[in-house]
Structures are given as C-alpha cells and as structure tokens.
Amino acid sequence: MNIKASGLKRILFTVVIALVIGAVLILMIGENPIEAYQALFKGAFKGKFGFGNTVATFTPLLLTSIAFAVAAQAGAFNVGVEGEVFLGGIAAAYIGVNFTFLPKPILLITCFLGAMVVAGAWATIPAVLKAYYGVSEVCTTILMNTVAVYITSYLVSGPMSAGTANAQSHSVAVNLPQFMKPSSANVGVFIAIVIVVLVAIMLYKTKFGYKIRVVGTNPAFADCIGINSKKVFINSMILSGAIGGIAGCIEVLGVHGYFLNNFAVGLGSNGMLAALIARSNVVLTPFLAFFLSILKAGAMGMQQSTGVPKALVDTIIAIFIIVATMETLFEFKKKIKRKVKKEKGEAKA
Amino acid sequence: GSDSDSGASGGSSDEKGKDKIRVCIVYTGNLGDKSYNDSCNEGAQRAVEELGVEVKSLEGATAEEWESNLVSACEEGYDLIIGASSNIADYITEHGPNYPETKFAVIDTTVDLDNVQSISFAQNQGSFLAGAAAAMFTTKTDIEGVNKEKIIGWVGGMDIPVLHDFYTGYEQGAKYIDPDIKILQAFAGTWTDPLKGKELTLAQYEQGADIVMNVASGTGPGILEAAKEAGKYAIGVDLNQDNDQPGSILTSMVKRVDNACYLVIESVVNDTFAGGTTQYLSLEEGGVSLTDFAVIKESLGDKFPQDIVDKCDELAEKIIAGEIVVENYEGFGPEAQ
Amino acid sequence: MSAIIENVDKIFNVSLIYATFRSATPIIFAALCAALTQQANILNIGTEGIMLVGSFTAVGVSYLTGNWVIGVLAAMISGAFIASIMAVGHIKYNAEICAIGMGINMLALAVTKLLLNVIFKTNGTFSDPKIVPIPKVHFAFMDDIPVLNQLLNNWSITEWLAIVLILVLQFLFYKTVWGLRLRAVGQFAMAAQTAGIKVTQIKYQAMIASGLMGGLAGAHLSLGYSTQFVENMTNNRGFMGVAAMYFGGANPILTALGCLLFGFADSVGARLQAYGIPSQFVLMMPYIVTIVILAISMYVKYRNNKRKESSLLAPKAQLKTQG
Amino acid sequence: MSEYVVEMKDIQKSFGSVKAVKNGFFTAKKGEIHSLIGENGAGKSTMMKLLFGMYPIDEGEILINGNNTDKLTPKIAIDHGIGMVHQEFMLVGELTVLENIILGFEPQKGLKIDFDAAKKEVKKYIEQYHMDIQLEKKVNQISVGEAQRVEIIKTLMRGAEIIILDEPTAVLTPQEAQHLFKILMNLKKDHKTIVFISHKLNEVMNISDRISVMRQGQYIDTVEKGNTSPLELTKLMIGREVFLNIDKTYSKAGKTVLEVEDVWIPSQKETSKIRGMSFHVNEGEIVGVAGIDGNGQSELVEAIIGLREVEKGSIKLSGKNIANKKTRAIRKSGLSVIPEDRNTQGLNREMSIADNLAAVEMDRVPYSKGFMIRQEAIVQNAKEKVEAFDIRPDDYNLPTSSLSGGNAQKVVVAREVSMDNKLLIAAQPTRGVDIGAIESIRNSLEKAKKEGTAVLLVSAELEEIISLSDRIIVIHEGKITGEMPADEANENNLGLLMMGGTHE
C-alpha cells in the first residue's frame, strides 16, 4: 500500500519535473509548450493512428525488454537482443518467402519457430563462451550485434534480395493482420503480451523459472543444491534470444511484410533501457516498455504536428528517461524523517 | 535550420495556411547530410521563396518513423507529400490509395499509382562521366599528389542497389577511357559515419589510388576530408561539393534532387501535376551532370587538365545522342518497374 | 582471391601499421574512459554520449575561439559535466548505472543536434575552415627516412597522447595511491570503507576522470581524427570502447591491445574491400576477429589454469615457485 | 578524565524495522582485553560497527578517550585510534597482502606508492609480534589464519590503540588461535585495548579481563573474569543452561555408504590438492575430518558433491561410482550437504526461508508437479521445519539475509538433515554460530546418525570433532596422516597429525 503510493508519487514527480524542464526548453525556442505537449499526448493516444503508433512501437519493445530481463534474471547482461531481433527477422522472412508449400497457419508457426531457433542459436554463442570460459558476454554481444546486422544486410542485398531499389527481401506469404489502420499495429501485440505473461508465469511459478532466479541471485548456491548454473545460464540466454527472435518475426510478418535492411536499429537498446530502469523486474518491465512507447509515439506526433524541432523533442524524451532512472530522487519522506531526527539530536545536545 | 525556417506551423487550424499550397517532405534520414537530403531541401526552400508554398520536413531514422511520418502527413491533409527516397515507396504504395485527394511524389524510384508522380535519375550516366574524369585524372602526374599508377577509388555508403547503379556507370566510364584501369571499391556500411568514410578513403590512397568518388551521403564528408588531408583528390556527389574541400575536389556528380523537388511542387502550384507518370531525369534533362570544374581550375592554375573537361563534354554529348549506352544495375533505368 | 594474392604487397604495406593505430585511437580513448570507471566497478555505458558531447564542444569552441587547446579543454570539461550528471544520478539517487548511461547517450545525441541547430544554424554536419584542428606532429628529420616518415610522421598530437595516456593510466591504476584506492573500491567497497577511504568520493572522482577522458576522446574524433562535427559522429565507438575495455579487463595496456587488434582487422578490411569480397563480410571481420581472439585467449587461460591446478602434477616443481 | 578509553551509553540502532541495538552500553579500559559475548543477533557486531563509525547511531553517545564523538566515520574512528578486524575479513582478494595493509595510509615517493618504505614499516610489526605473513601474495591465495594476521597488522599500522576483533577465532584452527592469543597478549603488554567478540566461552575465559554480555539488543551485564564461570556466562547469554556434551551413542558400524578410493583432486593451492586419499564412512557412524583449514578439506567435499573434478580414483556412494557425476544425480542417489560457507553455498540470501528450505527438492513431488511449482507444499514444509528446528523469526517469507548466523545455519541444517539421505556431509556446521544454536545443530547431526545416516563431519573445531565423531581421520596437505577411533583422540595427538607429523 505504502510502497504503491510512494511509487506513484515518484512517477508523478518524474513526469512533472521532466515536463517543466521540457517546457522551459520549448519556450526558449519560442514555441508554445502547452501546444507541444498536447501534440505529444495526441501523438501517443489520439485516434486509431496515434494509439496505433503507440501499440506498434510497444510490440517489439515489450519483447526486447523482456528478452533482456529474462537473461538478467539469470545474471546475464545481454546487449545482444538487437542482433537477435535482426536474425529472427531474417529467418522468419526466409521461411515466409520460401516455404510457401506449407499451409498458411503452419507456415506462420514455422516462421515463428524458425525465428526463435536462429535467434536462440545466436544467443548460445556468447552464453557458452561466458559460462565455460568466462568471456564477458557484454563484450561479445556488443560485437555480435554488428555482425548480425551485416549478415542480414548481406542476405537482403544479395541472395535474398527482392531486386527492388531498397535492400529488402521478397514479401512473405503470410502476414499478421493489422488493426487500427493506418498505423502498423498488428495482432503481434497480443502474441507479445501472451509471451510476456507466459514468461512471468514461467519465472515465478515453474521449476525452470525458479532455477533461473536461483542462478541469477547465487550461482554457487545453485550448483550446490544440484542446479547446473552454467546450463541454466545458457538456457536463459537462449530463451532471451528466442524472445528477441519473436520480436523480429512479428516486425517482419506484422509490420513490414518483408525483411527491410536495418529495420531493427535501436529496438534492442530501447528494450534494454526499459528493462534496466525496471531493474529487470519482469512485472514492472512491460510498464516501462509501454512508457517508452508512449514517449516515442508522442515524440513522432510532436514532430509531425508542431514546429518543435525533432532534436528538441528527443532532448525532452532523454531528460524524461534520465529523471526516471533516479530511484530515490523523490524520496521526500525519508529525507524529512532524517531531518527531523537530526533536529532532535541537536536539541538534545 | 530547415525545421525552424520551413515556416510550417500546426495542423489545418492555422488560418493563414489555408490559401497556401501545403507540402510535406518525408525524409529517410536527417537533414544535414550535405548531400541527397539537403539537396532535396534546397529545392523545397526555393519553392518556399519563389512559389510561396508552405513546406514541412519530417525526418526519421528508422523504418517505423518513416511510415508513421508518411501516414501522419496523409492524415494532416497536405496537398503534396514528397517521399524523398526509395525507402518511402512501399509506404506510398500501401497508404496512397487511401488518400486519393492527396498528391504524392516519390524520388529515386517508381510507384505505380494515379496520384503519385515518380522521379528517377540516371545516376549511372552522371557516374559514367565521373568515372571517365577520374580515369583521365589519375595519370596526370604533373599535378601534385597524382601518381602514374592507373588506380582510382570509389567509396559508397550502405551496400544497397542504387549505389551499384552508381558504380556500374563509374566503372564503365573509367574503363571507356582506359580498359586497364583498376578501380578500388568500398562500402562504409553506413550513411552516417564520416570517420569510417575517411578511413576507407585513406586506405584506398594508401593502395595507390589518387582520386576517389564519394557516394556516401553523411559518410561523405569524411571522404572529402581524407582527400584534403592526404593531398589527394575526390569527386563529390548529389550536391555541388566542390567547395567543401576546395582544391581537393575535382568535380561533383550532381544529382538534381533539388530540381526534382522544386519541379514537382511547381507542378502542383500550376495545376499541372501528372500523377501516375514517371519522370526519368537523365543527362539530357539536366537531372544529372558534372560541375564546371571551376574550383579545382582555380586551385591548380595552369596545371589544370582542360582535356578532361573537353572529353567529358564530348562524352556527355555522345550519351545524350545515344552513341554511348550507359549500363544500369539490375532494377534501374528508364524501364525499371 | 587471386587478386588479393597478387596485391598482397599493396594490402600489407608499411602504411598499414599507422592505419591500424589511427583507426584504433578513437576506440582506445573510449576504452580508457570506460576503464576508469570500471576500476571502481561502474560500467560506463554512457561513454558514447560523453564522447559525443566532447566532440561537439571541441569543434564549437575551437571554431569560436580559434584555439584548439581551448577546444580540447572545453571538451574535457563538458565530458566531466555529463559524467557528473551520471555520477550524481547513480551514486546519490541510486539510478541503475546502465540505464542512466543509456539515457545520457540519448540526451547527448539530441542535445548536440539541437545545439548545432541553435548555435551554428546548421543541421547534421558542421565543418568550417575556422575550426582549428589539433595539429599534427611533424618531425622534419624524418622526411628523408622513407619508412620512419611513413610510420611516425604527421601523427596528430592526440594520437601520441593516446600512447602516453595508456601508460599514464597503467601507472595510475597500479602504482599510485589513487589507483590502489580506486581498485580497492571497485573490488570490495566495504573493505575500502573500513580502511578509511571515502568510497563515494573515489567513485565521483573516477566518474569525473572518466568524463574528462571521454571528452578528450570526443575532441580527438572531431578535432584530431577529423575536423568537423557530425551528428552522432561517435557511431557506436563508445560501445566499442566498452567492449574493448572488457576485452582487456580494464587493464589499459591489454585494453589497448584489444583496440589495436580491432583496428588492424578494420584496416586490412578497408583494403580488402577493393577485391570483390561482399562488403558486409569485410565489414564484419574486425568484430569476428576480436571475438575469436578473445575467446581463444580465454580458453587458453582456462586450460592453463586447469593444468596448473591439477593434482597429478608433480608437487616438487610447484613448491619451488611457491617458495 | 575517566578511567575508560571507550564509553558507549544508551545506544540505539535500528535497520528498518529491526531494532539491532535497543539499549547498548559498553566500556573499555586502557590495556584490558574485554570480551563481548551474546547469542547470534544479540547486537555485538552492530555495537562495534557503531564504535568504528560504519553506521551512524540513532540515539545515545560514544566517548573515545573522554571526547564526545559526533558523526563517526571509519576514517574518524581510525584517527581516534580505533581499529577493527571484522567478522568477514575486509580484505580485497585481488590485491596483495602489502597493498591491503597500506590501503588508505599509503606512503608515497613522488607520484608512486613507496612500497619499500611500506614493507620496512610492516616488517617492524611482523617482528615485534611474531606474525608471519607473506607480503607479496594476493590475499585470495593465503590462508584464513594469515588473513587474520593481516587484518591485525592493518589495524596496528593505522596506529590503533583500541583493537576490536569480531569473532576472530571462528575460522581458526586451535594452533592458529593459540598463535593469535599470543599476539593479543603481546598487544596487551603494549597497553593496547582489545575488544574480543567470540562464541567460544573457553577462549573468553582464557584471555579476558572483563566480559560484557548482550542479549537481544540489550546490555545485560559486565563481569570480571575472576568472578564468573562459563556456566554463569551461558545463563546470562541465553537465560538458561546449555548442554553441549551430548551423549554419544556408539552404534555398530553398518554397511559402507561412502567409499573414497585413491582420489586425486585438483586445487588452486598446492597444499590443498588431494593426492591419493582413501577412506570410507559406514551407515550410522560419524567420521570426523580434522585438519588445518586449506589442507584439502573443501576440495574433498566439493569433489564428493560433484562440484570439483576428480582426476583419478573413485568415489562410491552405496556402491555406485559418483566421481565426476553431476551434483543433481549425486544428490538424487542419496547425498545431503551442509556446505562450509552458508552465505554463498548453503543459502540463497535473496530468497525466502521457505524457498530455501525446499530448494534441493524443488523439482520433485510435492514441491512441484509437471513444470509448475506448488506454493502450498513449500509453505507447508516451511511451517513444519521452522517449528521443528526453532528457526527465529518464524516468518518464513523473510529473505534469509535477514537471519542471524545461527538461524541461517539452522535453515541449512533443517533442509539437509530432513531429507533422510544415506550420506550427510557436514562441513563446518557450527562455524560462527552461538552456543544455543550449536547445541541444536549438534543434536540434529547426532539424530541423523542414530537413524542410520552415514555422516562425514569436516570441522576446524577439534572439540567438536572429538565429541561428535565415532572415527576421526586427520589430513595434512591433501593426504591422510592418521586415522583413529574418537575415544583415542585428544587435542595433542590430533594437533600433531594436523601439522603433518606421523602417528607414533
């Protein structure tokens, strides 16, 4: 009860302080902050298009943030989610374009499975290197992201190229239906939500989840009670990769309809950001992912319908995020308590 | 600053905007690349000044933003929406039919819809001339920094089809002058990393090239800077970049995106907008060309190889006359799509 | 393939050595920036943002004052300023360090773009003859010594400085009082605290030092390596620095070796592109090479350890090393 | 000027809702050895940490040499001549011994640390107090006893006049402890004041001048050594009498359960490598492993439970070779373990008492079914065990990090003992645990044995080994130097074997 209230207060203060700083900046360039914020709000919520944009942004972010969080629960810092999104996407595109002999529903499932397998396999590499030889997964995943981007880039401008002016694959034969047109929100969002719910249940209610949490909090203990911490670490990285792969698959099947070169730039790092702010708590992370999606969609709206330059919009968003990371910025209660105590002490002396 | 002085303000509620033609340009990338996007913006700003239209620029770095920007422009009811690059084409194909009253234009590719005007460029032809100029230049050993080896360079941004169309022409032009010439090709893998461009360019100079063509958008400034720093030469692209590193840039292969942009806005103003057609802007239409070599001429003084200019003029005429057929990369050219 | 063999002398010539170093320096600076905080057990994901702000400030101030020294100093101060935002957020307000680091990266990208627009009324790129670059060091006596001339002449001052800084940090970390305290704080903060060390103070100092280094890294990018500011000109070099820092375990010399390895693969790649290998493969090579070498070296270390630990080893040989 | 160098009055300190110290009082005179005793969680460490300035006090006052000290920090405390050797060593493992010693007080020459001067200074203390330590080694390569001495030198180097030692002997062998006492006596001769925290009453009786007792955060009493007895101290501490000397029941040795044959086990440290060791443990007997810490005990235990490679030889559990098998499989075939380090290996400090109690069998019925975990079963189990083993506090939803050492250890014991396995390995089961908890833990081991479990007891506490075991094996540098029935063993003959001597 108390915690909830103070959490709410904290969020409120975060929003207020960021809004105020933003307003000052907007005033400085001679625009009307109220109009600008209206535009931000409209951009994120108004009508099918606005809210659809938020939903469309939310879908991959939800998955990438959960992907990061799952790995973090087992003690891994998986910067590689972005690469996994790319590879999942390209796998889905390959299957979606070439396996047309399959009936549609099977093809759809195959796309998802293919994406999960390829992305999961990719995540296995840093996981094994870390678990068995102590190679920092932060280092390898940062490097491997770039490799993943170039691999897909090669494929769509070479062997898988559609031969169009853009580097992209042919269109896939199966799509996730879009709703809330003209935005690109699609039923992938429901798939994502289901997956997140499953992951949360998995983490807190199943044996595998228990193992992940044990390994993440104390690998030596895990080994001692007979949980193979290395194996669990690797498995959770694979799971993380597979979730990233699903994000890629949804983007390809639901948003673009083909694999577009470079489509996932920033998806991984934004997801990571959401998870980090929530300290990889699987229940809180989705809310932060949603918060970031609102900001992103709102920012697009603000650029689209006001004269506030994009750079300023991005600045305000960044300030929002920085303020949001500071957990104890608004713990007034504690501070006041401390002060009172101090005064008491002084009075005594 | 494009955003602040574009003068676009707010939605349709704006009173004074009513009688003006309202144009929105959706970029795939940001302004300030000193190349393609800026060229487009130049045309737009000229239209603002000369035709009194109102222009809104929407920048975006990711595919998600591109689509959202395009759709929001549709929803806002602009008179004309220009998709500044081929990346927008698919979104126009998808959403264009839902906004039959809105006029669209797309640059660098073709969209087959009644309310869309497509504009493409014969970048291969311009590149042909650039390649020929480079091939002649690389043996002018009396110019400082030029060696006798017949090696020229070419640095592109991302490895995407349209750049191969550039390269095809460049290679053909160079080989036309000298079949034995060696061309070093490299892609930076990014549009936005001038330092990478610089490194690649220096690597080509270190391998014996003395002139490198830049086809790298935001990565390009690094290429031009490398030329200056290494005491070698470069060829600019899209905009006239001769003055970016004066004396180090032989010429620029100008792709008149600005003209394309201006002309399509003009057609809307004059009510001559020709939806459903494709304009192919080649050498003949002035869609692509080399600059006039004036900057380098001033810097080289009497060492300036006038024969290159003459030869280029001659080749241009031959291309226009159809005596030389410049090849296209697959998927490009007047008949593409 | 045959083309590569034919041109092997063109690819592997003397200039490759300098090219390797040149393309490694930005990452070396970034890695040193990350290493400074890492020694205090703070993962500086914000390296990228600190660098970018440094780049911008360096160019801006050099342009306005016409003095590169002031530009570089200003860049370092701005880096320290950004780092201190992170430090306060992390240390005082308990922000998750990586989260606030990523926030800083976003802020840096947006703010530099905004200021470019507001102050210099331009977009994307800012280059101007009035920007005074960091000078290159020219040794006249080397002009006539072909190899030396190609190898060592005309390095930017910051390139020499990179070498100096690697050694300085190595000294600082492992030989000085501050370094000892820094490492103690990073490895076991409580132990440091009970030894009378002010842990938060050391952490702040490390962050600020890291900011100074990051600012310098940025200045090198925009005034040394090139002479211009371009939006997002760091292009992940900060992240590469973090990766390199992990490669070397925050040890400056090992870290720099990692950067050089990457730079070498990168420079060879830049030359190999000319021979018809798909560009993406060449471009991904440096990343793969770095991972592979790191994995191999860790594997070798693992094997050696295992061998050293073995009970089957004759005890005598061991005792000697012990005594 | 008062006669006391330290006076702590009316001290209160809370951590969140936990009142660690409610009514703290403590004084120390110059040149005395003053022991502070009490059950786990009584507030001893907290009192001393307050004196050392590690946390601010909530209420009360602290006088050092008669000066009122407001706002202590470790730095200020050090400046006042206070030094503290913490229960968990405050040493940085990756740094060398010398670096650890000079940390915070580094002599400088130019920009560099003057290691030579530092060495000279340290050597002075080494000689003065006869403490042998290796300055160039990294701390994670030295033994606990040596680390202890390093900690003491650290305080001396900082000019400490008042030295607090928080359970310094918990991890020492008797020989090392004797060595430490000699050092403490020498320090006392030099008029240093020593505050000594311990759960071992014989030690306390041995070296103290005065003894203070705390219970549940409150000051109980301070007594002169001469006027008290261990029995009285125990009563002051827990309010009742305790019987540590359990009646040993000699059971007839049953079938062999654990059979270790010529095993060779690798280790980081040369003296901890096990080279050719054979022994066995039978049903219904307790076999004690005596030895100085770091002679391969940890390695042996780890190898048996599958956490360390066995390079040669076999380990049979009920006839089945379990060498190099997975821990999970070994545990399934009938092994329980009380690991030596409860905080890292024995418990997951971030998880609840209930989760910890069910941890080993989490993937079996009744705690899980199919993929899912069954919370009710976990709770049910927790309720039973908390009650049966008297784990306090009894809120099984608390994380184990909030338990005192003794109660935390009870959680481990409760979990491992009640699995009714054929083999129980108990490594240092009572280390750092208060006397009440020791009683309960020893009873649990004895009970397991009576029920037919084979118990392998590894302990640095000779008294414990002798009083619990049926048979004792002694190891030195990874080899067995002797084996004897418990009734033939005494501190002398075991001690000799532990030092590598041979059986006469």
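Chains here go by letter, A, B, C and D, matching the order in which they are written, and residues are numbered from 1 within each.
As a convention for this text, contacts are C-beta pairs under 8 Å (C-beta built on N, C-alpha and C of every residue); 3 or more make two chains touch, one makes a residue touch a chain.
None of these values were measured; they are calculated from a predicted model.
The set of chains in contact with chain A as well as chain B comprises C.
Mean C-alpha positions place chain C and chain D at a centre distance of 44 Å. Centre-to-centre, using mean CA coordinates, chain B is 75 Å away from chain D. Centroids of chain B and chain C (each the mean of its C-alpha atoms) stand 35 Å apart.
Multi-chain contact residues of chain C (touching two or more other chains): 113, 116-117, 278, 280, 283. In chain B, the residues that touch at least two other chains are 1, 3-4, 30, 159, 189. Counting only residues that touch two or more partner chains, chain D has none.
By the document's touch criterion, interfaces exist between A-B, A-C, A-D, B-C, C-D. By the touch rule above, chain B contacts chain C in their complex via residues 1-4, 30-34, 38, 153, 159, 183-187, 189-190, 192-196, 198-200, 202-204, 206-208, 218, 221-222, 225, 244. Interface of chain B with chain A (complex): residues 1, 3-4, 8-11, 30, 58-65, 67-69, 71-76, 86-87, 89-90, 95, 98, 108-109, 158-162, 189, 330-332.
Chain A meets chain B in the complex at residues 29, 35, 49, 53, 56-57, 150, 153-154, 157, 161, 163-167, 182-184, 255-256, 260-263, 265-266, 297, 300-301, 303-307, 309-310.
Chain D meets chain C in the complex at residues 52, 54, 74-75, 78, 84, 86, 89-95, 99-100, 102-106, 108, 111-113, 154, 158, 264-268, 270, 273-275, 311-312, 478. Interface residues of chain C facing chain A in the complex, by the touch rule stated above, are 43, 85, 89, 92-96, 98-100, 102-104, 106-107, 109-111, 113-114, 116-118, 236, 239-240, 242-244, 246-247, 278, 280-281, 283-284, 287-288, 290-291, 294-295, 298-299, 301-302.
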